[in-house]
Amino acid sequence: MTGLVVGPILVPLLGAALAMALGRSRPAQRVVSLVALATSVVLSALLLVRVDDGGIVAVRAGGWPAPIGITLVADRLAAIMLVLATTMLLAVVVYAIGQGGAERDHVGFHTVYLILAAGVAGAFLTGDLFNLFVAFEVMLMASYVLLTLGGRPDQVRSGMTYVVISLLASALFLVALAFVYAATGTLSLADLSTKVAELPAGVRSGLALLLIVVFGIKSAIFPLFFWLPDSYPTAPSPVTAVFAGLLTKVGVYALIRTQTLLFPADTQPGALLLAVASLTMVVGVLGAISQHDVKRILSFHIVSQIGYMVMGLGLFTVAGLAGAVLYIVHHIVVKTSLFLVAGLIEARSGTAELDRLSGLARVEPLLAALFLLPALSLAGIPPFSGFVAKLALLDAGVGAEAWAVVAASLAVSLLTLYSMTKIWANAFWGPPREPESSVVAVGADRRLMAGATAGLVALSLGIAVASGPLYDLAERAATDLVDRRPYIEAVLEP
Amino acid sequence: MRYRRSVIFDATVTLVFDGALVLSAYLLFAGHNQPGGGFVGGLVAAGAIALHYVAGGGDQVRSLLGVQPWTLLSIGLALAVGTAVVPVLFGANPLDQEAYQVELLVLGKAKATTALVFDAGVYLVVVGLMLMILEGLGLASDEPLDDGEVER
Amino acid sequence: MNLLLVVTAAFLCACGTYLVLSRHLSRVIIGIGLLGHGVNVLLVLSGGDGGRPAFVGGDGGPVADPLPQALVLTAIVITFGVIAFLLALAYRSWRVTGNDEVEDDVEDRRIAREAHQGEPEAST
Amino acid sequence: MLFGLIALHAAAGLVVLVGARRLGRWGFVVGGTAPLAAALVALASAGAVLDGRSTTQRAGWVPQLGLTLDLRLDAFALLMVALVSGIGTLVFAYAWHYFAGSAYAGRAAGLLTLFAGSMLGVVLADNLLVLYGFWELTSITSYLLIGLHDDDRDARDGALHALLVTGLGGLAMLGGFVLLGHAAGTLQLSALLADPPSGGVVPVALVLVLLGAFTKSAQYPFHSWLPRAMVAPTPISAYLHSAAMVKAGVYLVARFAPAFADVGPWRPLVVGVGLVTMVAGGLRALRPFDLKQLLAFGTISQLGFLVVLFGLGRPEATAAACALLLAHALFKAALFMVVGIVDHAAHTRDLRRLPLLGAGWRATRAVALVSAASMAAIPPLAGFVAKEKAYAALVHGDATDRAILAVLVVGSMLTVAYSARFAAALWRPDLLVVPSEPRTTLDAGPRHGILAPALVLASATALLGLWPATWSRLVDGAANSLDPAAHAHLELWHGFNATLALSAITLAGGALIFALRRPVSALQARLAPRRSGVDAYDASVRGVLRGAGWVTSVVQSGSLPVYAGIILATAALAPLLAMVSGAWWPGWPDAIGRAGQIPAAGMLVAGATAATVATRRFAAALLLGVVGYGMALLFVVQGAPDLALTQFAVETLSVVVFLLVLRRLPDRFERESQPLLGRAARLAVSALVGVWVAVGAIAFSGARTAAPVSEEMVARSLPEGYGENVVNVILVDIRGLDTMGEITVLVAAGIGIAALARAGRPPRPRPERRSIREHREEVGA
């Protein structure tokens, strides 16, 4: 039981140490990486089953009871996120091995990648606000390194933006921690949820907003998202895929966790979050349709879709949160696979700029299918996963009579569809064109890359098929979030 | 590159270096009861290495410990993570500590805890990081370029 | 908690902010450093007004809250690692561009130019 | 069984797509089995269904959201299946000939099969969300079909136009469906219609749903995508744009009207839009020289007619509309097929260049004539029977009805006129225009067998007109399933009555318009609006793009200082405002805690000020070091020796690292280029952050009520943590997880630093292994 909870953090860390010790033996590093991540996937899946059946599992690090020590808490939401994250990490590392490039050129790739995995898992599992900060730092430091691997001029430039903005977020997080501890004398989330309620209302909402800003930077909501589209597209495509699928969602997870757990209903800034959600989805999609590069279009869509997740949170209802959870599940898989497709496009054509692409559908029909399915899903076309997720949010929004955000979400769907057709019409339709140059490292295995991508696309189709049970699961997770008591009791029980 | 050095200067550096290493070891072991700990210990050792670099230039540091910074980092990380993993394997909580009475020949009885192993990991990582910084920003940047970039 | 240290922390944060809003990465890094110091003062303050070092077995009396100290220690070390990384980034920036200035995003500028001058390409 | 049919379409479509290259036009044979099967199943179950025993099937999907896969085959659905699958089968047969030798045959066959399946789903769906789902799939497949010749820019643009307009309507419709679902408590179509909700949001929901129907059925002002979609190969036009997809909107109006026609905006909106569409489309059909354009506008006009009839929500009108629906599909599909055949042989559809069709074309011209005559409602054809019913439905009504009828008659006159124009193009093109360009020459007669499907359709048109009893039962059942009060008794001859008179007037008026075609077209040319629907669409797309570009250029400045400024300002302002509005203040704290804090604070403030204004990099770095040592001093004062030690060591190392890097960079800071964020803004943000930090620190500390958890830590440090130094016990034991994360950060940082430092350098040789002693011996110490 304990192993299931700590495994997804510790196994990748051990793997990281081992991969580093194995230094220059690339095959050995690969084996370590694959084994560690596959183990994490299995452990996370078992954990999800266990948590869904038997309730929340809390593990005390060092045996110290909450609120003294750090408690790792696996509830349904955390377990769901963990399963998705580890699966994405595994799929993408397979892709990265196929692609070569960053994976092959840098001794530290696997180590840093595994550290990233551990950081993400830690962020999902921790039940302590400061430990969440540390987990974020682990994840972020690894992401800085992955983003700048190679040190190309554009990477350095975008790396600066990314690192500096992330550091500001970290500094703000520390400010929030200082304030939290000053006001409550505790750091355990469960303990905080009882203590925050005793604070004066103004202080409480100040804290709520500060935390929204802190995690809003990470999750790229309006008006804090600008850094994302500038920095993501420059990384090697597997790295971008992981970032796109996971990192912002860790921010969203933290938003959901803190806003639902720490604050009583009268402090929850629902109206504000709904306004932010609308602006995020609209401004994000407007950015997307202005772009000329596949990766940049997709990056702006990340922003736009964060808006949908925040919409679910902003409703602060079981239906809304269930919709948000379902949306996250769908989004992580689809977004990751789309960025992997972007990488395949680059590998085939030497570029991801729309003006320099044409006719891929005829020369690479499989690639066209691999793009079309997740793209339609992203645009919320039935019967793909994006439709069910969007429908859940729409339904929740109508149920809460939040008309503005409902209207925005529908309008944004159309613009999303438009920008997907922009990629399709420019890159896939038209007369085929000779590849400009190959960005694929020598010895790259395109079949492995396509295989990993196809696996994720299949997974997204599976999500669509299993939407019914998944919605039930999301609803149970949302019920726990709204109720709060199970979490608090699981952590604080003697 | 070779600097002209005086024997006295070298001797001083060596002396300080040795002293700092001893101090860092003391800080590591004393940390649980006195000010100190793995961090401070590691930082002091790292400072000593940095001093050696400043005094002696790049070549000295490269072979100073006869060990790659990679190795230090990986061993350090493995030690720290190991203290978290091992208790779990025995069905306890991660990072559970055990205390042992240890007979030390000179210092008498002491209580050693598994926290020391953890702290040693921290120590190694800090030292390894400093070595890496010196290797990277100090040494590597003195080497010639080969990728066609213009040296500025 | 006292006004002197609160103001000091606020001042450090303000100075850090001012430097962070610069275009030179080295200034930004120094700004991050100052911000970090300011935040650490805040963290230490969050444990109250301080006091005797937190060692068990001394002569009673109030001890400083040890938990914020531990947090600050963690923060200090993390900041050190991050600043070292940023410096490496500044070094790389100098290698590839000859300075450490944070340039504007090329593609963003292009989109902005199009928006202000030319017609965006309609459809497909 | 119903699921099986849709699954069969999906499977056949995917198989054909996967094997597109190998199958070629044989894809139409493989794919065509699916609509054929559907048509046969419909035929087999027709008896039971028309007796009122509808077939239903259901499966769960996400029942929590009301998303259950309900399918239902009632009599109206049967009529639609007859169009979708029956005519669909004929279109597949036609396409098999049409695409001979085309490289696109396989792809077209696969997509067409998928489209047929989606369309079948639309008419069978008994759940609003399922209906929406298939609806969007028809949009997507038609996007891919219109853009089939993807090298052609017009094809891509036309496809996008259709997708965006129908997609817009589709999303509005989805919103409407969800609203209706909430109002009614069910998303099941049959349950909703049986017990329609009212009041509240229902009128809004209906307008949204109608938006979907109007865009899909190319009603004004959304019509312009349909003529543009005519770039698609003709079989696709024949199927999508006459028989199937454009009928989806009409289908929706038909389903909803009996239940909702009396709700506020419904009738004025639907009838108004339909009438405008009918007349405007008819007028436009008099102008184009391209035969497909002519048919496209004719289709728009007829769709308007259908929307009016169904939209009225009255039994007689509904019955008439059912008849017209079928009649229209028969003649319009046949006409499209004929155009395709002619186009293939003559390589033009421009009636100014169309050659005279000779002897080999007798059958083709006959098909065209019969179908065009049916379109013009000339007896004794199906179109006539249907139109008689329509007139009869309104002729005995009130003033409004008669006004509507008058407009319908005018629209029908236009229909007669453009039908004549079409027929003349094939029989006597010289009647229409003096050829401005040389007529093309014909390759040969129509390809063998290609006419057969059109011939079947034309025969049906004639047959149904002559023996209305053959389809009376189908139409009657369909109308009846929509509205229990609706009965269609179709007859060719009703005797001499007002309806017949109106028909005669219609024909006469139409003939007159055709006779006066020259002055009419001159008048039209003068009155024609300068901006076409396509222009309006292009302008709105451009407008959205320009707006998007503007918004993006504003928010996405690409400048790090601007981003950081906005983020920090938000971070300070938002919580500050929240706290101010909370109006809670704990009072000011003491000025000073202990004397030792003063020198430490002085060192910090002085160092920070100097570092901020420093103009040299080295100086700034060293001043940062001063601040760091000041921090160490402060930690000593505050009772934190571990911190002081650590801070001292870290600061020393930091300075070393700074110097390592800064030795490369120029000593002085250069002037900053492009100061997007001016000094004043920087100062303002800094001040804001400072104020926020100070206010927050005081307020939050003042709010503390409970004792901190650290008291427990102090108490348990020795007995449970085995250490006297509580800070160290926290670090390695109580919060060991933090420390583990922290060293992980350092490991990652080390790797990153090494990677950045070594980027673009040759791999480093492994250092020799030497012991410290060896090393020292060499150094000579």
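Here the chain labels run A, B, C and D in written order, and each chain numbers its own residues starting at 1.
In this text, contacts are C-beta pairs under 8 Å (C-beta built on N, C-alpha and C of every residue); 3 or more make two chains touch, one makes a residue touch a chain.
No experiment lies behind these values; they were computed from the predicted model shown.
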Winner on C-beta contact pairs when B-C is weighed against B-D: B-D
Centre distance in Å when chain B and chain C are each reduced to the mean of their C-alpha atoms: 26
Distance from chain D to chain B - Cα centre to Cα centre, in angstrom: 60
Inter-centroid spacing, chain D versus chain A (mean Cα positions, whole Å): 25
Intercentroid distance (Cα basis), chain B paired with chain A, Å: 36
Residue list for chain B, restricted to those that touch at least two other chains: 33, 35, 39, 68, 73, 77, 81, 84, 94-95, 97, 126, 129, 133, 136-137, 141, 149
For chain C, residues that touch 2 or more chains besides their own: 1, 13, 16, 20, 28, 40, 42, 45-47, 53, 55, 67-68, 71, 73-74, 77-78, 81-82, 84-85, 87-89, 91-92, 94-96, 102, 105-108, 111, 114-115, 120, 124
Sequence positions of chain D contacting 2 or more other chains: 156, 160, 545, 548-549, 552, 556-558, 560, 564, 568, 641-642, 646, 650, 653, 657, 660-661, 664, 693, 697, 700-701, 708-710, 713, 723-725, 727, 731, 733, 735-740, 742, 744-754, 756-757, 759-760
Touch-based graph of the chains, sorted into line, ring, star, complete or other: complete
Chain B-facing residues of chain A, complex: 2-3, 6, 10, 13-14, 16-18, 20-21, 23, 59-63, 107
In the complex with chain C, residue positions of chain D that touch it: 153, 156-157, 160-161, 538, 541-542, 545-546, 548-550, 552-553, 556-561, 564-565, 568, 588-594, 597-598, 601, 604-605, 608-609, 611-612, 617, 620-621, 624, 627-628, 631, 634-635, 637-643, 646-647, 650, 653-654, 657-658, 660-662, 664-666, 669-670, 672-677, 681-683, 685-687, 689-691, 693-694, 697-698, 700-702, 708-710, 713-714, 717-718, 723-727, 730-731, 735, 738-739, 742, 745-746, 748-750, 752-753, 756-757, 759-760
Residues of chain B that touch chain C when the two form their complex: 33, 35, 39, 126, 129, 133, 136-137, 141, 149, 152
Parts of chain A lying in touch with chain D, wherever the complex brings them together: 13, 16, 20, 61-62, 64, 67-70, 72, 106, 108, 111-112, 115, 118-119, 122, 126, 130-131, 134-135, 137-138, 141-142, 144-145, 148-151, 160-161, 164-165, 168-169, 172, 175, 178-188, 191, 195, 198-210, 212-214, 217, 223-224, 226-227, 229-230, 283, 286-287, 289-290, 359, 361, 365, 376, 381-383, 387-388, 391-392, 394-395, 398-399, 406-407, 410-411, 413-415, 417-418, 421, 425, 429-431, 467-468, 471-472, 475
Residue ranges of chain A in contact with chain C within the complex: 130, 134, 137, 141, 144-145, 148, 151-154, 156-161, 163-164, 167-168, 170-171, 174-175, 177-179, 181-182, 187, 230, 290-293, 296, 421-422, 425-426
